[in-house]
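Look for chain A in each of the two complexes below; its partner is chain B in the first and chain C in the second.
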Partner chain A sequence: MHSKKLGWLLLSPTLLILGLFGVFPFLYVLWVSFHEWNPFAANPAKLFNWAENYRKLVFDSQFLASLGVTFAFAVFAVGSEILLGYFLAQAFLKDFPGKAFFRTIHTLPLIMAPIIVGSVWKLMATPSIGVIPYILKHTVGFDLNIGTSAVAAFTITVIMDIWHWTPLVTLTMIAALVSLPPDPFEQAQIDGAGKRQIFWHITLPMIRPALIATVFIRLMDAIRTVDEVLMLTGGGPGSATRYVGVHIYKEVFPRTNYGYGSAVSIVVLYLTIVICWLLYVGLIAPRVRKV
Partner chain B sequence: MSNQPETGARRPGFLPIETNWFDRLFIAVVIWVALSLLWLRLIEPLGLSIWIATAISAVVGAVIIWRG
Partner chain C sequence: MKRRNPWISITVWTAISFLTLFPIYWLFVISVKPAVDLFSTPELLLKSFYWDNYTEVLNNPTLRGYMLNSLIISSCNAVLVTILGFLACYALTRFELAGKESIFFWTITNRMAPPAVFLLPLFLLFTQVYRIGDFSLADTKLGMILVYCTFNLPFAIWTLRPTLDAIPRELDEAALVDGATPWKVISHIVFPLARPGIAVTLILTWVFAWNEYLLAATLTNFNARTLTTGLSEYVTTTGTAWGVMATISVFTLIPALIVFSLVQRHIVAGLTFGAVKG
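Here is the complex of A and B:
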């Protein structure tokens, strides 16, 4: 009994911080989502409007379109990051000249603030001044214009995200791969297993927990991406890169629609949790044993 | 200490995964939100109130928490 009380006492600072900075803001946003609230209007009071914001949200074609492009972005970006990160981790486990230098260079994007990444890519991708349109025009004759082409803008945001976050996947994959015991691999080689068989039947099942944790982290990050994209394309052209984070930003800040923005935030949080939970159920959760 | 099962103990029910009471509460809330949003979009324009979806969700949630 004494140790239980001591346990709660030791946990209390963490619970207090979690409550203040995690639970309370969530409950506040949930409460605001049931109100019509524009704090800069003539009447800045919160007006309780039941589920009106949610009713508006399910018919909001701009929000539904933003959900679609966000999931496309998340699938392309996270899928590419996982594949690239794994192969880069495998490459960095081998010895080659300048390995430490390349590993450091490769990790540099990770320490950059997203707003800086967006600015750098904007400078590189802007037509007439950017290095990417210049190189593409003078090598393959392709006229890249992220201001007018929806596909180009979407692709550039995906490539930017891959450039920024692949190092994180590489680092987690390196950590997972170096922690694997050598015995199963040696035994498989003695038994005559090929590289592909070793990958599918030994490496992949053994790094699965790290892989799934990385997918969860990256998926959550990709769904809530705002600053990089806002800096690079501003959500355009049209609504080609208006991802949900950008949509929420535009509802809350320029349009000062706090109630509706909160409702969209809550639904996006809900979808993120559900997606991760479905992945957890599909890949990790213990199954009921049929007797 | 005692023979009573812990409150967080996992037990099999009709759900395909092993769950504790919090997992089942979570699943009930997920279903409640999904049903409410779908109701607002598809059923409410036909004239049926959102409270019907809430009542259905409460029943489904209770079944999941007790039997899931």
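Here is the complex of A and C:
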């Protein structure tokens, strides 16, 4: 119906901008990842060292550990956000007094910058001065210490992420749910379908594309998270919350290990792409093509 | 549909709102406390207010400039990526383009990169490559608006795609048969129907741009410096000025809240499918 030329024309600004600001830097990082380079040293020359950086990272126990905790972090945080966000979005579909007011409150965490979120949670969670350990101690007698307990630090970063990003899921889910056509639901109710059946056979398949898109966005953002966690725990205690984004940041900035940091970034990027591609091929693509 | 007692909803939402608001309340508490009180036993309720942080922030003209920069950059970026993302999505859903599914997936890979390592190449590109004569993109609002596209444009494309997929193509085709130009179809038929998705995209891309820190800290010095980088100026080697930092954070919430309430009411139901019923 439309001419293909028009399609490419509509797509061209996107391709141009992403090419200039996405692909070029990527190629540069790829090139640097085959070098030993400290741009802040007295001799800032790049020394070509074949795949030495890649060999190093395979045996870098700190990197492998950080991959593990990142994975756990992403699964716990994103899983909870999706479930919570979906139920909250459902709840917002009903009419009740003060709905707009509550919805605005619910979206407030989104408008706080990650470094602010990290700072506030740090002040709230720091032992002896923070309000969270204080409340826990005086109500249930639990001693929360994110400075010494790996589990406590991990849990606080997950809770912070859930607090910060669930509203994003809620918003995208509201947008998906309000655009659903009413007919199939009315038909199913006439046919006597139960709530659960309607959810599994009508709602879920219809919001699947939006749901998967949201999971993707949250998953990749959780994997590359830096500012919030760096502010809250600095990656500690030990390397309990040294997620890959934090790991790379620490390699590149305090240790100025630029070539190695680039190699780690390339591998993390590659792993993220593979995970998302598998999800995409398995979950979205076949359904989209059918339509 | 059954009618439920609205008080159940209200009670539940009030409880959730308390949890949501607590960290923000705590931010406010920090901002109205003198520095020494931050490191004593926490008190849940404020007994006195200490406004010095507020006078310091309000009397600082640099911060006002930063706030204006942040507003300009994030608003322009959100509008730009929403329009470009919408057009790209329209092309990807309505045209038989070679490799369009691969292009769609490729766009999102631009958002996956761990940010720390990409700061330096962008800095080099900005200062040395993307320049015409004396004008370079470094430390300009235009540069920031463009560079924020790398994470916001894929986001816009991915959040708009389900919305555009759900709008029946029969509508476009019917309009084209009736002699409408493609531009008319986009602006008068598809765009209004995609309103909830567009509103959400606008809000969230605005938020991502408004909150971005690492890129802004690397690529700007003075002219395009944003509020989040202004915040980090209070984190120094001799200690963090928590009170001032919290106060600036409180101020960053105000414009964000205004933008939110302006756009949020467009996330409404009931427009989309009336046109093709039956």
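In the analysis below, the second predicted complex is superposed on the first by the 269 of 291 C-alpha atoms of A that agree within 3 Å, B and C clash if a C-alpha of one lies under 4 Å from a C-alpha of the other, contacts with A are read in each partner's own complex, and residues count from 1 in each chain.
The criterion applied here is as follows: a residue touches a chain if its C-beta (ideal position, glycine included) is under 8 Å from a C-beta of that chain, and two chains touch if they have at least 3 such contacts.
On a predicted model such as this, the values are computed, not experimentally measured, just so you know.
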First, second, both or neither for A:Ala72, with chain B first and chain C second: neither
Partner with the higher number of touched chain A residues, chain C or chain B: C
Which superposed partner A:Leu83 touches (first chain B, second chain C, both, neither): neither
First, second, both or neither for A:Phe59, with chain B first and chain C second: first
First, second, both or neither for A:Ala51, with chain B first and chain C second: first
Touched partner set for A:Trp277, first chain B, second chain C, both or neither: both
Overlapping contact positions on chain A, where the chain C interface meets the chain B interface: 273, 277, 285, 288
Residue ranges of chain A touching chain B (in the complex, touch as defined): 51, 54-55, 58-59, 267, 270, 273-274, 277, 281, 285-289
List of chain C residues in touch with chain A within their complex: 4, 6, 9-10, 12-13, 16-17, 19-21, 23-24, 26-27, 30, 38-42, 44, 84-85, 87-88, 90-92, 94-97, 101, 103, 105, 107-118, 120-122, 124-125, 129-130, 146-147, 149-150, 153-155, 157-159, 161-163, 165-166, 172-173, 176, 182, 196-197, 199-200, 203-204, 207, 210-214, 227-228, 231-232, 240, 242, 245-246, 249, 252-253, 256-257, 260-261, 264-265, 267-270, 272-273, 277
Touching residues on chain A, where the partner in the complex is chain C: 1-2, 4, 6-8, 10-11, 13-15, 17-18, 20-26, 28-29, 32, 39, 88, 91, 93-94, 96-98, 100, 102-117, 119-121, 123-124, 129-131, 134, 163, 168, 171-172, 174-176, 178-183, 207, 209-210, 213-214, 216-217, 220-221, 223-224, 226-227, 244-245, 248-249, 252-253, 258, 261-262, 264-265, 268-269, 272-273, 276-277, 280, 285, 288, 291
Touching residues (chain side chain B, partner chain A) in the complex: 10, 12-13, 15-18, 26, 30, 33-34, 36-37, 40-41, 44, 50
